[in-house]
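There are two complexes below, and they share chain A, which is joined by chain B in the first and by chain C in the second.
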Partner chain A sequence: MNTFDYVRPSTVPDAVAAAAAPGSAYLASGTNLLDLMKVGVARPDRLVDITHIAGLDRIERLPDGGLRIGALVRNADLAHDPDFARSYPAVAEALLSGASAQLRNAATIGGNLLQRPRCAYFYDPFSACNKRAPGSGCDALHGENRLHAVLGWSPSCIAVHPSDFCVPLIALDAFVEIEGRNGRREISLDALHLLPGDTPERETALEPGDLIVALRLPARAAVFAGHARYLKLRERTSYAFAVVSAAAALEMEDGAIRQARLALGGVAAKPWRARAAEESLAGERPGEAIFRRAAEAALADAKPSGDNAFKIELARRIVVRALALAAAGTPARLPALPGSPFSSAPGALHDA
Partner chain B sequence: MTLEILPQASPHIRHGSNIGQPLTRRDGVLKVTGRARYAADNHPPGMLYAVLAVSSIARGRVKSLNVEAAKSHKGVVDVMTSVNRPKLAQDPDEKSNPFMFRLDLLQNDRVRYANQPIAVVIAESLEAATEGAALLAPQYEAEPARVGLDGAESFVPPGVGVGGPAEIRKGDVEAGLDAATKRIDATYETPSQYHNAMEPHAIVAAWDGDRLSIDTPSQGLAMARGRIAGLFGLSPENIHIRSPFLGGGFGSKGLISGPQILGVLAAKLVGRPVKLVLRRDQMYGPVGHRPPTRQRLRIGVDGEGRLTALDHRAKTASSTFDDFFEAAADISHTLYASPAIATSHEAVRIDIGTPLFMRAPGEATGSIALESAIDEAAAACGLDPLAFRVRNYAEVEPISGKPFSSKALRECYAQGAERFGWARRPLAPRQMRDKDGFLVGWGVGTATFPALMFHAEARAIIRRDGTGLVESGAHDMGQGAWTALAQIAADGLALDLDQIEFRAGSSDLPDAGIAGGSAHTATAGMAIHSAGADAIAKLAELATRDERSPLYGAGNAGLVARNGRLRRRDDESRSESYAEILARAGLGEIEGRGASAADPAAQSTYAMHAHGAVFAEVKVDPDLGQIRATRLVGAFAAGRVINPRLVRSQYHGGMIWGVSFALNEQAIIDRRSGRVMNADLAEYHVPVNADIVSIEALLVHEDDPYVNALGVKGVGEIGVTGAAGAVANAVWHATGMRVRRFPIKLEDVLTPAG
Partner chain C sequence: MPFCISLTVNGVKRNIEFDDPRVTLLDLLRERLDLTGAKKGCDRGQCGACTVLVNGRRINSCLALALSHDGAEVLTIEGVAQGEALHPVQAAFIAHDGFQCGFCTPGQIMSAIGLINEGHAGDDPERIREAMSGNLCRCAAYIGIVEAVQDAQKAIAEAGRRDAA
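After this line comes the complex of A and B, so read on.
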């Protein structure tokens, strides 16, 4: 068999020390890493199993009103935490729209942030992939790329970030706590994921040994709780990655939008925050025309990377819909089909 | 093989015959408690693990394999390549009958499709074998792959399906089209689909001298045994194959595949038992698949809404080295009356594994195109698509003019429509919305599948204690053969199900034919029932000739068997139990034999098909294109129903595959390399539970005195037909957009921006 070291530290500093060596990889539930190892895309020399480190599986309310989520909290546990779901409903909806129930029960928050792209050419050791083998080329570029990126891509890589969870998180200014060789630091989630540029092999701002120990949501993110939705288009009703997705969150005041948050999934190598669109919404009354204007702003720089031009218009439309759903108000209960257009509550706009 | 651990006492209360009872699967508890032993669960002492190395190119040759690196890996016992593969008695490329398909058994260094086996690594552990296979690091001399339906020169194949002619015509299609007042000329495309049974192909093989013991899933034990016997030069009696359970077959386990034979070869090479299980992605090549098609349909309709011509031309793909041609156009032979019908096939040879049987091969592929085209014709005439189908109802089989042995399709249309609420359907598309504003559409499709019979044999024994033992090497792919065939066996012996032991799933039992063509219940069932009748006839002979018996002198015709007793037909108070008759005769048991085969006289006189009507509702998000099949109602008439619970389950599964065909399923093939890029269950999409909202199957009564004495037609495949077209037609009715390339994707039904 392919042998590798397996270490199981019980403290964060031990983990960081163990993982700082080249060829190391952190292992939590392994819902992504083990797949990659099985197909030969990932061949770590050392697995650092962090699941026995105490204290990383807590959800804590911070004195400033924010929420701190340990890296080992399971997706399903977080989504079903009543306090969390009440404060950040779009995040809960995104979590429950992802993967399958079985995977959500296993997968961890930290691992979700660090999912690798699902590009078939990245997953296939026999295809050229600059991310997997820098300089080898990109077989996706002129290949089967219907679901690839329309924003932020480069000729070196057109893969998209697969996470649902990260999309509302990035809209809500989440940040991550990282423990590294030089101690603890915090960075915004928006700064964690990198666009490919000429170095698609570099997907995050993490340094060797860096361990995400927690995710934090600021207290101010809860002001959107009454008007926040996540919407995801996919090729079957469950257990499929997004064709495109959007998280929309509005703070309403006297019938007008005080501030808006908007992010897109399935369009770029990172969860895509649409700041210009957000700004265009501030102070406006919700309405189709305003939403459409925001959607145009969000996709202003989009261009197809292959057979995927349809995703640009689709992304605009999902922005409009997500904003309309958010404006209509967060449903009192999480929908039975989280993130699905078919989960919509009466009152949502469906007319073409 | 007997299902010894099955509880013999049945919790079921029986009313009348065993046939017709909605019994739950007798093997259900074993399966849900994990005690059902599937092929790969067998671990004979000393067993090694074999892992395939497969080609990552579609065409060319293997220049080199680093066998040394693999062999020096800890735990690796041996590496089998074209150099050291044990000799075979028969060339795997030899083809002496149409049911014999060429296999890739390391006969040379050629690569003729992606995922073709190029070596086998045998090791003490699965992990060592897996790593050994990776260390082979094959080097190739690659040639440009021929990919897709336009990837090579087209030709007319010598035959399609199982030996049918590639072209058939009746009447003058061009004249019919000229005479029509409305014409449809539309081209539909269906994708490559690959087998994804839950259980991948697996084999555990153990040699003992020239005897071979095998655990492997099989839909055709006798054929598998015969194929192995031929390849290895063995007597079939020296080969024992056990296949008590299959985790799904769908045609992919009908013929033994190359990888399974490689497991046998590996065991021979190392002289120890070997287990070989395909990895999910290795299913996409060497075990058959449904090939892509492009189908052009031309339909002419007169002013009365009646067909004047039906022209169905299908283009498909096969491998470069064997002949399997999906008979997609043949569905147009049987469904709709038309004075002129023409069907034809053309094909290309491209660098793929040979396509093979996949649930409703030909019928499913052709059905979605034909049902879409019929729908388009109805719309062109301004007619309701159900009324249009009824108007073009075939009273006799259109292509042959033969009467149907039975055909309750009209009742299927009526009962399905009633249940579905079809009468409320607006004629024009894009008229219905639900309360949330989603577009709603309703579609219909006609289902059909031939009622086939193959050859099978069975043995029935009445034991001294009056209980029965019935044996036939039948196959339970999950469809419920352990239960349905036991019901037939019990009725054959006129015993309660609790009173019989039923043995199946093993090659040392009488040949039960093949569990394919939706014909297993009819074929094996008839043999089983006949064997029971034969045993009872022998028993009756004993009784009526014995003057000590109350039945003495009654004659066979004067007796009836019921509940373990023979009774005089004219005086049922005069009876004797099976046990009493055997005891007086001093016999330990009495054995009957049965065989079944299609009746050539009936076949030449009648057209034999099962039929059905499937109604589908879809909802479509008008802005976002998200599609969901929200309601399915199928009404099917397939002769006598042995077990309505199991039959419904078959229909449900088929209809769900129809949804999959219309909306989900597709192998994504790289246009340059010819490799499947979504060869896993996460990306090769089939419906999940959340996709199937409401599904219902109605069993429409149908008596068929001609198909076989039991009156059984098949139910295994018909559900796929009709359903796929119904869903596609519902998408049109919801959106007004006719999508002719399947599966239908969300971008296909987006309302244009504006």
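After this line comes the complex of A and C, so read on.
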């Protein structure tokens, strides 16, 4: 790990000012950043520790019925907040399907949005990686790439965004509040993460010094609370990133789908909203055939970036199953294995 | 020493000076405070052997920057027994053979104490397994670990009822 200056501001404006110095990085819990620093992928000259800033760890109900979540709220605290879990159950399920209990106790909401990719070549300073070292090439393209992107990738980068949390958030039109050198602004979460194109080193719409201070969920996103699920296929039962995942949310009216929300994880450099699939579901009665049609629409533009064509059909099936689970209704209590298609107890229903 | 933080470690408040900002909480405990119960397994947050409680919550101390935890309360495996009396989770790990080589055990026990404090798993073995998935045991003592968590949780609840009575 390189050494660094350490500063600990006590206000947001002080933090933004401190991070104006080139080579600065914000430190929240550090569960991703310290890991990247240990392997030499992240080499900040200055760490601006924001964990001692008061007021960024609140969950507030807004006058319009929406929910504002401070950037320093810990994953576990948000997932177990009863009001939040009742209003946005698929987001709670996604949070609890991610990482381990220790990491969820530490990791922050803001940090989760800004997780770096888990591509092994990005993580290895001796491999070619256009994201880490622009212009150096991409060793993943002809390497171990079965878990890489099938949507939105470019020959310069085929890494996927690792967050579970972001998948239902993007389906529910979440917004991000950003404090920067020119004051506060907000953007949709969909606009935060960028596809690689020719500039994979640019992962987000944030400018140098920008600090995410809060996340907002609109009140209207709670209309899906009765029919919202997150489903995540992993290579082991627990504590693994998604091979593919899907968040499905339905607003039901008289047995038909009034409106649908659908997003995919593990398939692209950003959480992937499937708007055409959503539109194909509106007004329909839930059923295997229309779910399959939606899944075809969601993956219509998918193409393998390597040895990962299987992920396209897998993603379709996860979409169908997530929609079926959502149509069946949000369970009163989250399953023992949140987001899992499996149960670790033989014979037990995974979502009983 | 350019850096100084205050930590309450196993109930004792300490001011700790050090000269390198890169020190993790795990390295601080092991190398500076001689508390070697928390283990450095992977040093990447993947194995859970470094688990300690910070302000009552279990975290991976290998992924925690010591400087950032100024003012925190830290509980390590060295601080859970009351003199010669083992913590109920320690006793239950022995009773159920919840270990073989013992390397992961301090982390397992601290994680189990954190799990019981959190109170989300109940007595359901599937929820306990899921809630303990951040602690790897290469000897695969998992069956004994789940039984130990269930038993310890009952013992702690009973002790709580006795105290309340």
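The working rule: the second predicted complex is superposed on the first by the 340 of 352 C-alpha atoms of A that agree within 3 Å, B and C clash if a C-alpha of one lies under 4 Å from a C-alpha of the other, contacts with A are read in each partner's own complex, and residues count from 1 in each chain.
Please note the rule applied: contacts are C-beta pairs under 8 Å (C-beta built on N, C-alpha and C of every residue); 3 or more make two chains touch, one makes a residue touch a chain.
Small disclaimer: the values here were computed from a predicted structure and weren't measured.
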Touching partner for A:Thr51 - first (chain B), second (chain C), both, neither: second
First (chain B), second (chain C), both or neither touched by A:Thr31: second
First, second, both or neither for A:Glu313, with chain B first and chain C second: first
First, second, both or neither for A:Ser238, with chain B first and chain C second: both
Touching partner for A:Ala106 - first (chain B), second (chain C), both, neither: second
A:Tyr6 touches, of chain B and chain C: first, second, both or neither? second
Touching partner for A:Ser136 - first (chain B), second (chain C), both, neither: neither
Residues of chain A at both interfaces, chain B in one complex, chain C in the other: 1, 100, 237-239, 337, 344-345, 348
Contact set on chain A toward chain C in their complex: 1, 3-6, 8, 27, 29-31, 34-35, 38, 47, 49, 51-52, 76, 80, 99-103, 105-106, 237-239, 336-338, 343-345, 348
Contact set on chain C toward chain A in their complex: 3, 20-22, 24, 43-45, 48, 51, 57-60, 63-65, 67-68, 70, 111, 114-115, 118, 120, 124-127, 129-135
Residue ranges of chain B touching chain A (in the complex, touch as defined): 56, 74-75, 125, 127-128, 130-131, 134, 433, 435-438, 619, 621-626, 628, 663-664, 668-673, 675, 677-678, 682-683, 685-691, 745-747, 750-751, 753
Complex contact set, residues of chain A against chain B: 1-2, 40, 100, 118, 120-121, 124, 126-127, 139, 142-144, 233-240, 243, 310, 313-314, 317-318, 320-321, 337, 340-342, 344-346, 348-352
